[in-house]
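Below are structures written as structure tokens.
Next come two complexes, and both contain chain A; in the first it sits with chain B, in the second with chain C.
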Partner chain A sequence: MPIDLLGQYLLNTVMLGLIYALVAVGFTLFFGVMNIIQFSHGDIVMMGAFMCLYLVGAVASADIMPAPAQLIVSFVFAAALLGFVGIAIGRFLVLPMKDAPPLNVLLITLMLGTIIRECVRLFVPGGSNPIRFPPLLSTESYSLGKFTLRLDSALMLIIGAAVLIGTRTLIKRTKLGLAIQAVGQDEETARILGIDDRGVVLATFAIGAGLAAVAGVFSGLYYNQINFDMGLLLGVIGFSSAIVGGLGALGGAVLGGLLFASLQTFGTLALPIGGEYKDIFAFTVVIAIMTWRPTGLLGEKYKERV
Partner chain B sequence: MLRQAGASKLRERIIALVIAGAIGVFCHRILTERSDVVLVCLLLFGACVLWLCGSEKFAPGIRRGYERNSVFVHLWSSIMVVAVALSLRADPFALHLLSTALIFAAVSAALNLQFGFCGVLNFSAAGFFGLGAYTAALLSPLGLDGTIVLLAAGVVAGMTGFLLALPIVRTRGHYAAVITIAFGIMFRNLLEVTDAVGGPQGLKVDGLSFFGYRLNENLGIYSCSFFFNYVLVSLALLAAFVFVMRRIDGSFVGIGFDSIRLDETTAACFGLDIWRWKLSAFTMGNAMLAIVGALYGSMLGYVAPSNFSFSDSLIFVSIIILGGIGSVWGGVIAAVIVVLLSEKLQPIQEYRFLIFSTLVVLVLLFRPQGLMRRPLREFSQET
Partner chain C sequence: MRLRNANAASKYNYQLVVLDDECKPSTGVQVATKAAADQTIVAGITHYCSAVAIATMGTYHRFNLPIVVWGSVLPEVTYGNKFPEVHRVNGTMIDGDRDASKFMRSRGYKTWVVIHDTTDYGKGHLKYFSEALNSDGGQIIGTFAVSSDQQDFTAELTKIKSLKPDVVYVGGLVPLAVRVRSQMEKVGVDAQFQGTGGILSDGFIAGLGKSAEGALAFREGAAVEKLPGGQKFLSLYENQGFEGPPEAYGPFAFAASDLLIDVIEKVGPSRSAIIEELNAKKEWDSIIGKIAFDDHGQNTVSATTLYVVQDGKWQVWDQSEYASGKRHLNSK
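Coming up: the complex of A and B.
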């Protein structure tokens, strides 16, 4: 394969992997702090994309600031709004179920995801069909042979990497991050040490949902369209990536996301049966990896003590 | 003393008969009702009665009565279903609904075996259900006997489930959830892109025939729709499933499942082979799902990928949560309610996924035991 085409595929894979990694990090965060799976996360991603789309429209029609500022404002506003949604989910659905069997949290968030999906399908105008997502960033491009780098892709790569590194710094270096880790390891001890455990859990939900907003907007920009059920597949892919990388490890989530994207690209390029089977191929490999290493590639090996 | 016990048994049986008759009349009324407003009132009334029956005050008494006369109750509820079906014999739509409700009830029984008994999550119930339907579709040109088709569907799904179960039994809890979800989504995806099974349009299924009797033909009863035959077959399948479930529940197998669901580590310490138990529950449940799926496909006359989506799997899961996880009869009743609500009330059909998922969230928050709590095992001797 010529080097320029290879470079193009590599770039696309990294872009996709970045989106998956952003979703996977959310799953890992929720799992790390409360040992729960927040299955509606994928649909929160979808909600982020829709919110940003409508906010951009609203801010643009208000017409009070220059175009780049409009974009930043609506982007940040969407992430913040979604953060509140995350807090609401944590406060009203997840925290009350703390003493119930873990299965119930899974079921309740799964059903919440369906509710969000159906609400968008039924109540957003035109929501049952794919909606065009406008190229918000500049689409100027630089070509080198068959290799084309669009400016918005480059910007997304930079912003996405910055967001991931920022999340890592937040978890590893700040006081809030330490509190999140403490609650994740031992909630009772954390409480005795004066950490507001409920607050920490809610903060984690806000962070996760904010990341979901970024992922949703990126996905919209990448595919140029958004859809009410895009969150379902994105959520399952994100969750599988988090598991393959090792639930609870931030680096694992990124690795898993990139791995899944490479599998998809590989499936499109190398399989004789064609690109339609790329998801099936990727999931099969991922499930095989899960069977081989049930705790993921980077996750800690667990031993159960009784 | 003995005589007193006999008299109270007779009284219980008369009460059971009256209740069965009342439920039969009620179901008949719902199935034939044309006005949406009356229908909603009837359904609300039924829901209130069920809610009361499931409450702590009445449930133990009802359960005791049921356990003492279980054979009698099963017999009379089957007769009641046949009677309702006979009285509706000229109404194909009502019979179709009744048969669908019975099929969904059988699905809930199969899912309860995995989910409620052994605690193996399965979010691709519609996938296995569809696998059965597609097997029936692919086999229909061969003109095999119905029993062979149903068995073949069960074997295909059982083997697929076995392959899928290998990662599931190696991983724990939530991982199983994502594996089955991925399977459910991928199954539909695979059907849609594979032209050999009809792609998005799906396939046509011929009606099954059992021992020379074709289900899609009138069996000779005057002005009787052929859906009546499907009611009979689905009733037979449901009865068989309920029988199997009750046998399992009452035997050492059920106790093994329970201990694995409640605490895997402890169960393993007591020498249970977790791998084997989980695998058998998962495989058996999937085979049962596919068998009813094959019947469903042949009743519809066609199969298409859109009938077996992830949302349908969620509806199946909702049914057993609403009915009470692990409660066989709760699942059966919830299945009937869900089918009647979504098919009979045309205005809400578009909103059914939304309504049922909201209902499940509310149930999980405020009444996690569902409609009927699964009873705890009673090991003390009755004196």
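Coming up: the complex of A and C.
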């Protein structure tokens, strides 16, 4: 395969992997702090995309700033709104279920995701069809043979990487991040030490929702369209990526996202049986990895048993 | 619309029970079962999505509910079984794909890549379009089967870009077509876009904006303006105050309803009587022309209409600036 074509496939894979990683990091954060699977996370991503789109429309109609500025302003508001949604989910759905089996939280959030998805399909005008997301960043491109890099893709790669590094820095090096880690390790002890465990949980949900907003907007900008069910498969793949990378490990979530995207691309290009089986191939490999490394590639080596 | 305008002198009061199949076979079977099991429902006007239609025909047969299909184009809906309950007023994809192949070859296109969804609809289009294209001397240089909810096509389209086809044919509905067309531009695939009747919707154009310009779609059946009752249908529709346009298959849905009401007026609201009358080998007048079912319940629809997106609207080819030569399709 020519090097320029290979480079193009690699770029496509990294872009897709970035979106998966942003979703996977959210799952990992929720699991890390509360041992729960927030299964509406994919649909929250979708909500973030729709919120940003409508805010862009509102800001654009005022016609007071250029497109990139419209995007930034709209994104900030969308992320803030979505943060409140995340806090509401944490406060009213998850925290009350704190002492229930984790499966209950998974089910309840799965059902919430269905409600969100169906509400968008039914109540957003034209919601059952894909909706155009305008190209708000420069679409100038640079080509070298069969390799083409669009400026908006390059920007998203840089910003996405910065967001992931920023999230890791927040968790590892800030007081809030240390509090999140403390609550994740031992909630009772953290409380005794004066950490507001409920506040930390809600802050985690807000951060997760913020990441969802980034993933949703990136998906809209990259594909130039959003649709009501984009979060369903994103959620499944994001969750699988978090699991295979190691639930609770931020680096694992990123690795899992890139791995999944690579498996899908490889499946499309290299499988003799055809690309329609690429998801079967990708999930089969993920199952095999999980059988080999049950706690994920970068998770703890052994699950602690008491 | 047909029920709203049921003649005041009708023998019966008609009530429309609306059930949404969500274009999902599993949901379709549920709502088909619900309708068919309800003995107050005497007939059905069903389905748009072929994947749903093929999944539900057995249900209607099991409960002896007569139905008239108005949108689904999969041949197997009528020809896959010989169910006396099943009838269809619109054409099948065999005709559409045959005429599409002839037209595209007459424009000089030689090579195609086909992206199709893995439902019966997408697979059916692949099958019938391939057969027609082979007969017409065209060549399919790549085929990609994808799930109808797949979001990312960059891997497939990067491969397609290196194949350099003249045409990218999408055998799927609006969501798939929008994503493929949008990402074709992103990846830089320089080929003519060709779709099926399933993308003939304002949703396709709304999802793409200016990128929809020049996209082609072929639909079985004449354009509404050329239908015998087309103008009557359009003026009636305009007076109803509906939110959206009648869409590509609106006239067929109307014709299906019209036919059923006429049959019920004649034989009464009995499922078995309706089935017998629909299978009685006769012709009915309708806004789409004469309706005559063959022994599989399939109406003969001979014309195929080509549409092209021009300035944000689906335009009948013959009336477009592309046909007159003022604008040009993508060509190598």
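Operating definition for what follows: the second predicted complex is superposed on the first by the 301 of 306 C-alpha atoms of A that agree within 3 Å, B and C clash if a C-alpha of one lies under 4 Å from a C-alpha of the other, contacts with A are read in each partner's own complex, and residues count from 1 in each chain.
Basically, contacts are C-beta pairs under 8 Å (C-beta built on N, C-alpha and C of every residue); 3 or more make two chains touch, one makes a residue touch a chain.
Keep in mind the model is a prediction, meaning the values are calculated, not measured.
Asks: Would you mind checking whether chain B and chain C clash or fit side by side on chain A after the superposition?
Replies: clash
Asks: Could you tell me if A:Leu81 is touching chain B, chain C, both of them or neither one (first, second, both, neither)?
Replies: So A:Leu81 meets neither chain B nor chain C here.
Asks: Tell me the contact category for A:Pro102 with respect to chain B and chain C: first, second, both or neither.
Replies: first
Asks: Applying the touch criterion given at the start, work out whether A:Val59 contacts chain B, chain C, both or neither, answering first, second, both or neither.
Replies: In the superposition, A:Val59 touches no partner, neither chain B nor chain C.
Asks: Could you tell me if A:Leu232 is touching chain B, chain C, both of them or neither one (first, second, both, neither)?
Replies: Both partners, chain B and chain C.
Asks: Answer with first, second, both or neither: which of chain B and chain C does A:Tyr223 touch in the superposed model?
Replies: The second partner, chain C, only.
Asks: One more residue to check, A:Asp279. First (chain B), second (chain C), both or neither?
Replies: It touches chain B and chain C both.
Asks: Taking the superposition as given, does A:Ala21 touch the first partner, chain B, the second, chain C, both, or neither?
Replies: neither
Asks: Regarding the shared-chain residue A:Pro294, is it in contact with chain B (first), chain C (second), both, or neither?
Replies: first
Asks: Which partner does A:Asn12 reach: the first (chain B), the second (chain C), both, or neither?
Replies: So A:Asn12 only meets chain C here.
Asks: Looking at the overlay, which bit of chain C runs into chain B, 79-87, 97-105, 115-123 or 169-177?
Replies: 115-123
Asks: Residues on chain A in contact with chain B in one complex and with chain C in the other?
Replies: After superposing on chain A, chain A residues 232-233, 276, 279 contact both chain B and chain C.
Asks: Would you tell me which residues of chain A are touching chain C in their complex?
Replies: Listed in rising order, the residues are 5, 8-9, 12-13, 15-16, 126, 128-132, 134, 141, 143, 146, 148, 150, 219, 222-225, 227, 229-230, 232-234, 264-265, 268-269, 274-276, 279.
Asks: Over in the complex, which chain C residues touch chain A? Could you list them?
Replies: Chain C residues touching chain A: 118, 144-147, 149, 151-152, 154-156, 158-159, 161-162, 174-175, 178-179, 182-183, 186-188, 201, 203-204, 206-209, 211.
Asks: Residues of chain B touching chain A in their complex?
Replies: That would be residues 119, 121, 123, 166-167, 170-175, 177-179, 181-182, 185-186, 189-190, 193, 265-266, 269, 310-311, 314, 317-318, 321, 350-351, 353-354, 357-358, 360-361, 364-365, 368 of chain B.
Asks: If you look only at chain A, which of its residues touch chain B in the complex?
Replies: 37, 39, 93, 96-97, 100, 102-104, 106-108, 110-112, 114-115, 118-119, 122, 232-233, 236, 239-240, 243, 276-277, 279-280, 283, 286-288, 290-291, 294, 304, 306
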